[in-house]
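My structure is below; once you've seen it, I'll send some questions.
Lettered A, B, C and D in written order, each chain numbered from 1.
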Amino acid sequence: MEKVSEKVRQIIQPGEHSYVFSKYLEPIAHVKPGEVVEIYTKDAFENRITSEKDLPSQILGDYLNPQTGPIYIDGAEPGDTLVVHIIDIEPDRDWAVSVMKESFGGLTSTDLTPMLQDPLPEKVWIYKIEDGMVRCNDQLNFPLRPFLGTIGTAPEVEALSALTPFNHGGNMDVPDTKPGNKVYLPVRTEGAFFFTGDAHAGQGDGELCGVALEISARVRLKFELIKNKEIKWPRIESDSEYMVVGSARPMEDAARIAYSELIKWMEEMGWDKFEAYQALTQIGKLHVGNMVDTYYSLVAKIDKKYTKLD
Amino acid sequence: MEKVSEKVRQIIQPGEHSYVFSKYLEPIAHVKPGEVVEIYTKDAFENRITSEKDLPSQILGDYLNPQTGPIYIDGAEPGDTLVVHIIDIEPDRDWAVSVMKESFGGLTSTDLTPMLQDPLPEKVWIYKIEDGMVRCNDQLNFPLRPFLGTIGTAPEVEALSALTPFNHGGNMDVPDTKPGNKVYLPVRTEGAFFFTGDAHAGQGDGELCGVALEISARVRLKFELIKNKEIKWPRIESDSEYMVVGSARPMEDAARIAYSELIKWMEEMGWDKFEAYQALTQIGKLHVGNMVDTYYSLVAKIDKKYTKLD
Amino acid sequence: MEKVSEKVRQIIQPGEHSYVFSKYLEPIAHVKPGEVVEIYTKDAFENRITSEKDLPSQILGDYLNPQTGPIYIDGAEPGDTLVVHIIDIEPDRDWAVSVMKESFGGLTSTDLTPMLQDPLPEKVWIYKIEDGMVRCNDQLNFPLRPFLGTIGTAPEVEALSALTPFNHGGNMDVPDTKPGNKVYLPVRTEGAFFFTGDAHAGQGDGELCGVALEISARVRLKFELIKNKEIKWPRIESDSEYMVVGSARPMEDAARIAYSELIKWMEEMGWDKFEAYQALTQIGKLHVGNMVDTYYSLVAKIDKKYTKLD
Amino acid sequence: MEKVSEKVRQIIQPGEHSYVFSKYLEPIAHVKPGEVVEIYTKDAFENRITSEKDLPSQILGDYLNPQTGPIYIDGAEPGDTLVVHIIDIEPDRDWAVSVMKESFGGLTSTDLTPMLQDPLPEKVWIYKIEDGMVRCNDQLNFPLRPFLGTIGTAPEVEALSALTPFNHGGNMDVPDTKPGNKVYLPVRTEGAFFFTGDAHAGQGDGELCGVALEISARVRLKFELIKNKEIKWPRIESDSEYMVVGSARPMEDAARIAYSELIKWMEEMGWDKFEAYQALTQIGKLHVGNMVDTYYSLVAKIDKKYTKLD
């Protein structure tokens, strides 16, 4: 942690990390809109898997995906929208880890899609991060593309597992929550109760085996509030695109949510509902974020240049 | 049809177009591997909708999505793979049409997902094609990006509707079946019985309202055979990517098919199964082709540069 | 085949059985409305598995589920409904067979839900039919409850696999197509082109491992026509219940189809749509026929006594 | 509440009912294993809808499905199983109510399956309970068949909405949680934190319009503990059947869960896994509890007489 900037406030989880998105916890920090903070996150395995010889089934605890939070956003009230500017995500170590875990992944039976077959074997891959690449061997050698697998606010009355993506954000595992982009999250409790974690050094669409290039990280964020502006599902904005993330099962329901909320966003911009439906038919983008979590997450997008009205 | 090249053989449907992918029909042409042909296709409405005042429910016949074919590929036998080089797709008119049809589309109840609500209204959009754009009005104005919505071979014993995408190809509606790319299709009957149609001047991911920018077209193709090479699902190759199209419901099954067949392709290249699973986790791409047809079609991809083995 | 009645016409497949529901075939018999016929069916494995030592993967051919048909129903025209009275189903041998087949079943990965795990082992169970029971051993010993796994008409333009249940009937695997009940099937081609096969000596809901108690059988049926009466999905009537079978994926779409078509049936009886919706909410029944075929089949039912209007 | 028995302890919610299954609440009562208690439950609308003229969208608050609880079970520890004997369910008033609510139900678009169509109209049905019948009019007149729509324990770390059925029980809406039956629930927190509510005077399979015959009720229960016996999903036992409830989306995943957990139960009884798979194939039952809640609930059953081993 030597390279940490001295200029921004650092937020480090004081005790146990959280394994739920929940308002039933004490905030670990209070942050004002406009302030830049640097948040330290642990990897999805709480940094416990460190070697290709480790057996995940023996080494891991009861819970996965530790979150840093809750962070109380001053002035946030139910009915507002929290805007999170992702300024930077820096790996907090020089390696990443991926794993084939028993009964978890996109091409295996799981607790929610159980079958009678034997599980796949466990396997650990350790990658070295250097020179902008994440490298395990000559074949498994990919560009560094850091993003936040998990980012969200507390639900209104529920406490949801850190493994779950839903309309509060959460474990969406979409590569679009990356530096340079803004994430819009619903505020459903006083103070918003923001959480993040599960930084990835990179990931393909779907997070196929269930585990991306997991890292601990320093995450530089800035928060803003849009008062009295309610959104139902997380939105993302890049320089060139508007995006909505829908998380549901079956996957077509996630697609329906993502595109129908993007139509709502376009209606807020002045579009007619059916004209927006038509525009997205011809120019919309829809890719799979994760096909492995308790809900599947899909991202619907439109290039900003096609949303302009006269 | 004035601009038609004289140098390549033209294939024009002699009588009725086909509304099934079927071996129970007479071939309309015989083509040799290596020969370039120019195939004329009608739009998905058999060119019947020509004005924004047309009511689809009154103007359309019993069937949709007319196919040009079957085209007999000389030498093709069950167990071979047919490679279709898409050389060029040229709109055969200067306009495209899209439609909101009753009980069809991604954000409406349908015959397969019925509900008690009233259907959405019908609506027709006519676009002008010029200067590389497809333009309806100031907002609905998109780049021309032609591709084949429907392309496939005859199934082994079934005759499948031209509206259905499945493991023979068919109505996949994936924008990746475009000029410059090669489509690999299974040969399941002597002569392969190739069909194509449903050219689009462009389409977003999902083909959200169910109807892309429909055109009639001249399609220049070249066929090749890979003898004694069996594939289970359609594959696509571009200069830079390997792709597989999976078509199924629910959508997660289409995702599972697409990625598991891409793993098989990588195994054919020499990859270990679990290393391929890992590589696709970190660098694979997965987008939605259609979320409106009888099966949903998803495309899994990998950049060729990440598939190289020493 | 000694016990065959001499009084009714017997229909025995003259050559190969059919592996598709198709109008592109020659009828094997013509039957008049009102006539009783006795149809011979083979089991789903074409009677090839006869011992617990048989290995299905070695012994079976390319196709499964042979159908007896097509049977031409005199006077049947598109837009009519074919009523099939199931008078009797008699096992044509004194044993039944069930099998665990590779990549087939409700608790295993399959071609449509592929995973990377190893397949389940193959296994054959042979049952003795006697004294109204079907007995393999002390535990696997169940009452004889014969019904037709597969029953349907030819689709309008498609030829659909004998393994597929859909809106033409087909491989529904619902225990309600049993003696004493009437099955209503849509007529979509001249002569209806009726097929049946896949008799079961019994089956639980879901046909969990994919293979019920398979038998060859003599099936006594009587056909009737309702002229100019169009139905979209198969219906079943017992002495006490009205039923509709919906077949689709995901399973909730099969449920939606079954119940919405049952509401239509109640509307034909004079019910208001929303009153029918309410009645089925409180008194409807919905069970799973199969959770293993290319589409899942669910049966929605209502007791006749709750459908009476003044 | 005049008819209340004096012999058993009554448990009445002291303040607000709970809208979550949560361990983050103060228990409203402590109960010892073996003790019979009488619990008062409100209907799913907190008894607010009382007339067919009420508009649910105006009259209802932010939350639905109030639960009575948490009830602390003395001696219950994580890893135990809580057995709930449902002794009696008595309507606490002489009427029941059902409703068509906006964007809720089995044959309408919803928040999780959104579409662009207009919602169904709102509608209220009031039923009179008398002489063992629940009667709205001549057609809507059904037998009284009371059961608990919602019954469960607190999750390990989550607080789940009272509208959600999952592996803790919850809003399963299966008619099998009725007098005479035992419900087995997992204990995941000290004291188990039991909740119940949402009593129904009757319901069909699927709870089609989303709202059964809702009543407030007096529910007589007896609790037992099985120490050091862990179950993953709720089980139900009647005099004649063993049942498991699986809750998931898509519906086939609920079916897979229900049947695979029933196989585990049979393995606990001494069955071989594949013999149990075979038995359920031939004699299992599988019906839909709800097709409207955040997860769909299916019930897999086997008659006890087919589970006996020598």
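One rule holds in what follows: a contact is a pair of C-beta atoms (placed from the backbone, for glycine too) under 8 Å apart; a residue touches a chain by one contact, two chains touch by 3 or more.
Note that the structure is predicted; figures quoted are calculated from it, not measured.
Ranked by separation of Cα centres from chain D, the top chain is B. Interface comparison, A-C versus A-B: the pair with the greater number of contacting C-beta pairs is A-B. Annotation: 33 Å between the Cα-based centres of chain A and chain B. Centres computed as Cα averages put chain A at a distance of 47 Å from chain C.
Across the assembly, chain B contributes 107, 114-116, 120, 249-250, 256, 260, 263, 274, 277 as residues in contact with two or more other chains.
If you draw each protein chain as a dot and join the dots that touch, every dot ends up joined to every other dot.
On the chain D side of its complex with chain C, the touching residues are 98, 100, 105-107, 120-121, 123, 125, 134, 138-142, 202-213, 249-252, 255-256, 259-260, 263, 271, 274-275, 277-288, 291, 296, 298, 300, 306, 308-310. The touching residues of chain C, when paired with chain A in their complex, are 107-109, 114-120, 250. Residues of chain B that touch chain C in their complex: 19-20, 22, 24, 63, 111-116, 157-161, 232, 248-250, 253, 256-257, 260, 263, 273-274, 277.
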